[in-house]
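Take a look at the structures listed below.
Next come two complexes built around chain A: one with chain B, the other with chain C.
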Partner chain A sequence: MILALFSNEWRSILRDGRGRLVITLGVLLALVSAWTSASTHASKERAQAAAVEAARCAWEDREVDSAHSRAHFGDYVFRPSGSMSTLDSGLQAVTGRVVFTEAHRQNDAVHKPQQAAASLLRYDRLEPSTVLQILAALVLVLAGFGVISSERESGRLNLLLIQGVSSRQLLLAKTLALWTLGVALCLVVVGANLILVDDVDIGRIAAFLGLHLATLWVVAALVACISARAKRTGTAAALLLSLWVAGAIVIPRLSAMSTATLDPLPGRDAFQAAMQADRQQGIDGHNPMDERRNELERKVLKEYGVSSREELPVSLGGLIMQADEEYGAKVWDKHFGELEGHLLRQDASVGKFSFLNPFQATDRLSMAIAGTGLNSHLEFLRQTEYYRRELVRRLNEEDAFGVARSENGRLLRTTTKEFYLSFDSFEYKPLALGEMLGRRTTDLLALALWIFGASALLILTARQMEARRVS
Partner chain B sequence: MIIISHLGNIEFNNDAHFAELLPPWLRTAVSYSLVPQKIMIELKDVVMQFPGHCALNDLNLSVSAGHVYGLLGPNGAGKSTTINLVTGLLKPTSGSIHIDGIDVVAEPERARSLIAYVSESVALYPHLTGIENLQLFSKLAGRQLDTPETKACLDRAGLQKDAHARRVSAYSKGMRQKVGLAIALAKEARAVVLDEPSSGLDPSASHDLAVRVRELAAEGLAVLMASHDLFRARETCDTVGLLVRGSLRAEWEASEVKDRDLEAAYLDLVTDQAPSGKGAK
Partner chain C sequence: MITAALSLEFRNLMRSPLRLLTLVLVLSVGYFVIAQGQKDVSRWQESIDKGIEAQSESLEEARSYFAQGVPGPADRPWVDLRQNRYQDYYASVRLARDPAPLAGMAFASAESGAVTMRMYRFADPMLAQGNKIENPALAAAGGLDLVTVLTLLIPLLILALGVEVGGYERSTGLLPLVRVQTGRDRSWIWARCLAVGLIAAAAGLTLAAIAVTAAGAGLSDALPLCALIIAYVAVWTALLAVIALRARNPSHGAVGLGTAWIVLCVLIPSLGVERSAALAAGDFALDLTVEAREEKGLVYEKEQEELYAAVSERFPALIGKEPEPRSAGVNAVREGLRLINLEERMAEREEHSQSHTTLVKWMNLASPTLAFSHALEELAGRGPEVAQAFRQAMVDGLAKRAELSIAANWRMEPLGLKDFEDLVAASPAVFSRPTPDWKSPLLVLGVWLVALVGLANWLSRRESESQTKTS
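So, the complex of A and B:
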């Protein structure tokens, strides 16, 4: 019986001109978003590969200079966008994927602490995740607002009940029909992605698909329930469209703006000034008048049992630079830690709205699965900083110890080209899917509650339909 | 038509052989009249109280197999409430309703399987053809009809052949009523309830519907028909009952009352004056 009702619903959608239009537009948007995302990704990857190659060549082809010069020459660190970014590019457009690493400073060009949390939400791009989270839901609303109310208004509901259909069967069949419409859109998007994108991660794609199928089940169940509870089809349409606007547009922005207002991030200038102030408390490797530098020099001379730096078997400059670097790392750890904590606190505040709005839970989980969310970005910055520290540490050590005294007492550098060639390029290691989802337990819980709640509402609505007067 | 409508009142003293003497088209009707007529629809002391008003007050009514009962009354008299109670769409505040002995309240699904429903404006799926609608609604009632069976059923209901494969969105109201009757026939129900079936039909379509209703009764179905149309009801029904403000105020054998008497009684009772018609309660 459910199958008969289900088939009839699909037949109704496909034979109705409006239904065909809605489906056609949905499929077109899905295909266009998949294609544009895949082609954008491909061109970005090509550009990035060329940039990586150019940066590596610049590193390798550079004449053998001093390690300290090389530390200032620096290196570019690139974060691969990853094939999943074709489904959900997340915050990448906001945060960037390239960092210039060099001695003495952590460049923040790609990480903008002045950006408000509002920037960490995005519904303005046409990409597969947007289509599935927002537009697929709209398709279900448009296709389904009258799914039960029109049966009641036309009088068919009575005939169906007398023919032996129970309210539960009717509601389930209608919900399944709506949901499979969403499933079809998901399959179009993911199928197109599998065709258009190389190097796909099947595990993450399966998780992405499962996430959106779960969300669309919530949407389909809510659409069917509201249609069943509304006295008129027009009322159901108005209510569902209002809820869609609230969930897709209003609440995400409201949550971001309220978080940014109640718990604002420091401005960029304030952040830099605080970093600078703390940094000035440490050794200034480039300032010969710096007292802390002179203190370190005395300590090193004592350690080597010599009275002047000209007698040292090592380059004092390299040691001072490393001490400066270590102090700078502590300052960065402190400030970045505070900033990270602040961002995560904001993120947690916004995350509470997932209990109010299933689209937000889905959005955040989708970014987590794609590895393009806040946690991934922070992880990238962390790995970049560790890479920078290791790079600079090795260069400082080479600067300090890669020397020999000539017979006339001059300090000669022994650094070879092979030393520079021994540096590996930065390689970003994305967080594992399980780890990413482990950091999104609030959103997982919210989505699970939405699935449970929507399913329970279906059962409750069916019971109320059974009990409702039909006069 | 008139002969058939009167057969229910003929006493044949259980002489079943008499039926064999009749032409085949009359045998079914006569055979029902030869056995004690089983009550198919029965309402006992039914009260239906809605918030703020009593829609039905101690309604007692029964319809036997092979009989057509016409429930007359003005708007708000309780006709549709009665139909909804019989079909199990409403639960009575008190009293009992049985379809072929099955309690509608206690066993609504079993009771619904025995009953078919034709509403004032039969609501079908406009995107489906007559054949597809009948197949769908039959399937929902647990009967799988192939295309020849479906067409035969639509033929029996009087739907012209060239309309079978057309979408219902292009059907007239009378055509939709016929598909509604076909759904009732295909369900093999034992009782049919019709809610204002002739409302909005032209005289020809209304007459055609009356013929089909009599045919349903001739096949042994009990028919309960709510109507405004006194004259069509008297022509179609074996018994007519007059419902006023939730109470059955009068009942007549249709054959025993003339149109003008029925109208006078109707007007008397509806305007709450003393009943004057035969069989007034």
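So, the complex of A and C:
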């Protein structure tokens, strides 16, 4: 019976001009988004590889200079977008793409080229995740707001119930018909992605698909329930469209703004001033008058059993610079750690809205699966900083120990080109899927509750319909 | 007729809790974001004040050394204010980008350029960051400020208030009655639409009045804001009329209005964002990073005559002031060449951002929502054009300083207080914002309005003709 009702519902959607239009538009958007996203991703990957290559050439082609000069010359890290960004680019439009790694300083990720079209960035990108999270839900709303109410208004509902169809069967069949419409859109998007993108991660794609299928089940169930409970088709349409607007547009913005208001981040000036103040408490590698520097000098002289710098078999400068770096790293860990905690706290506050809005739970989980969310961005910054520290540490060590005393006592550098060629370029290692999802338990729980709640609502609505019929 | 329609809409508003709630929500969210916007402006101003405070401290410190007749601080004996580079360091004037009077209304703008920049020889205006540390997870939500409220929520208010206009009259058979009583049924529908538009305009203008009062803005800002709001509401009112004249019943009207809102406020903007992502895909700022660093190095490899020729071409006022021997002034010339390179990079960037500017212009034509949000961001002084002009002002300021600095260096004498004060005086401290371009978007809104009114009239005339034929 359910199958008959299900196929009947599909036929009715396809017979209706509005249904055909909505489905055609949905499929078209799904295909266009998959295609444009894949093509943008391919250009980005090429440009990122070219940028990495250019930085590498600059590093390798440079003449053999002192290790400390090289530490100031530094290296550029260009953020990779990741293969899953074709499905969900997440926060990449609003985070910087380039980090300059150098001695003494931890620089921010800079350069957000889309800012040149800033007034557009108020809106979502037409990418597969937007199509599945926002537009597919809308397709279900537009195709399904009259799924039961119009049957009631036309009197067909009574006819069906008299013929022996139970309310539960009817509701389930209608929900399944709507859901399969969503499933079709998901398959179009994911299928197109598999065809258009070379580098695919099947595990993540399966998770992405599963997530969106689950969300669309929630949407389909809610659409069917509201349509069944509404007295008029117009009321169902108005209510469902209002809910869609609230969930897709208003609540995400409201949650972001209220979080930023209740728990504001420090200003850049204040943050940098605090870091600078702490930095000044430590050793200053470039100030020969610095007392802490002189103290370290005395310690090193004692360690080597000599009385002056000129007698040292190593370059004191390199040791001082490394001490300076280590202190700077502690300061960075303290301040960036606090900032990171603050960012994650804000993120967790926004995450609570997932219980109110399934679209937010889906959006956050989708970014986690794609590796383009906040945790991935922070992980990228963390790995970049570790890369910087390791780079500077090796250079400082070379500066300190890559020397030899000449016969007249002068310190000569023994650094070779091979030493510089032995450095590897930065390579970002994305967090594993399990780890990413492990950091999104609130959203997983919220989505599970939404699935359970929507399914329970289906049962309750069916009971209510049954009770109405009996009375 | 308009009075009757207006009183009907007011009664409808008072009787319907959902409509009243929508109006209250729009007004209260609007009020809340205005307050947040003002806080943001205060933080912006605070950031500038701190910069100026730091600048004053630096200037006073330098002046005190001149007054004491010492070259610099006792704990940093290598600092010598008679030298060019230390004068440059201490005379690092801040160029401030004061907030526009209505800056608060677009505080969630994605454009996060610097609000103050320190003017010194190593300054890089192209990579300078804004005063806010942003949580990308919140920024990606799209932001909620007065611009969002006016662009997205005011049309929704029109949708909520006018959802039944036309459709209700048709479905209940009231339309023939209206036709008999008034002679023209479409006048009644137009009158109802206008009444809805008036209520929405009143809501929008109330928010505008609060924003203007809170910001203490003058008429020159308030009038364009009001004109834009009225034009935008008029466009949506005309759209309401188009749909109301065709709606067979309230449900039909709801779907029509909902679809129009989604197409204009979600779908078309998302296409624009997708295109901007495609334009930005290949931009990893190599010109500002790796290539800029290479250029700095190349300055040291150029022949002396080549250096002098380039600097003379850029600063003709310096011709004839070259020192003898010329090699003595070569370091200052290198500074000049660095500035020339910076100017070239700036010009290239400007050209590069043209594609985004063109995109935004085209997208403004495609959706009144985009035209309106762009106009409001312009009025708020938050657009990328202002950020670009600020960067340009900074480069111009650096050029003036470079010219002065080279001339002072070529005199081959130790520098004094006068040189220092000249350097400070030559540094522009005030940035003049370019005049906001709100007229072109207003024109776009005007074109939309005329087109929609024309369409509505054509539709109603066609319907009248078909009714005449039927009768």
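Convention: the second predicted complex is superposed on the first by the 452 of 471 C-alpha atoms of A that agree within 3 Å, B and C clash if a C-alpha of one lies under 4 Å from a C-alpha of the other, contacts with A are read in each partner's own complex, and residues count from 1 in each chain.
Everything below uses one rule, namely that contacts are C-beta pairs under 8 Å (C-beta built on N, C-alpha and C of every residue); 3 or more make two chains touch, one makes a residue touch a chain.
This structure is a prediction, so every number in the text was calculated from the model and none was measured.
Trainee: Give one word, clash or fit, describing how chain B and chain C relate on chain A after superposing.
Mentor: Superposition result for chain B and chain C: fit.
Trainee: Let me test your reading of the model: by the given contact rule, A:S33 touches which partner, first (chain B), second (chain C), both or neither?
Mentor: In the superposition, A:S33 contacts chain C only.
Trainee: One more residue to check, A:G155. First (chain B), second (chain C), both or neither?
Mentor: In the superposed model, A:G155 contacts chain B only, not chain C.
Trainee: Touch check for A:I202: first (chain B), second (chain C), both, or neither?
Mentor: After superposing on A, A:I202 lies clear of both chain B and chain C.
Trainee: Just chain B (first), just chain C (second), both, or neither: which does A:P266 touch?
Mentor: In the superposed model, A:P266 contacts chain C only, not chain B.
Trainee: Quick check on the superposed pair: does A:D16 touch chain B, chain C, both, or neither? Answer first, second, both or neither.
Mentor: In the superposition, A:D16 touches chain B alone.
Trainee: Answer with first, second, both or neither: which of chain B and chain C does A:L412 touch in the superposed model?
Mentor: Neither partner.
Trainee: Of chain B and chain C, which one touches more residues of chain A?
Mentor: C
Trainee: How far apart, in whole Å, are the nearest Cα atoms of chain B and chain C in the superposition?
Mentor: Minimum C-alpha separation, chain B to chain C: 17 Å.
Trainee: Across the two complexes, find the residues of chain A that touch chain B and also touch chain C.
Mentor: none
Trainee: Which residues of chain B touch chain A in the complex?
Mentor: Against chain A, chain B makes touches at 50, 55, 80-81, 84, 87-90, 109, 112-113, 115-117, 119, 121-125, 127-128, 136-137, 139-142, 183, 187.
Trainee: Where on chain A does chain B make contact in their complex?
Mentor: Chain A residues touching chain B: 1, 4-5, 8, 11-12, 15-16, 154-156, 158-166, 469-471.
Trainee: Which bits of chain A are touching chain C when the two form their complex?
Mentor: Against chain C, chain A makes touches at 18, 29, 33, 36-37, 39-41, 43-44, 46-48, 50-51, 54-55, 58, 73, 76, 78, 89-91, 93-95, 97-98, 100, 108, 110-127, 130, 134-135, 138, 142, 145-146, 232-234, 236-238, 241-242, 245, 248-250, 252-257, 259-261, 265-269, 271, 287, 289, 339, 343, 346-347, 350, 373-374, 377.
Trainee: In their shared complex, at which residues does chain C touch chain A?
Mentor: It is residues 29, 33, 36, 43, 46-47, 50-51, 75-77, 108-113, 127, 129-145, 147-148, 151-153, 156, 160, 163-164, 167, 249-251, 253-255, 258-259, 261-262, 265-267, 269-274, 276-286, 288-291, 293-294, 352-353, 356-357, 359-360, 363, 370, 373-374, 377, 382-384, 387 of chain C that touch chain A.
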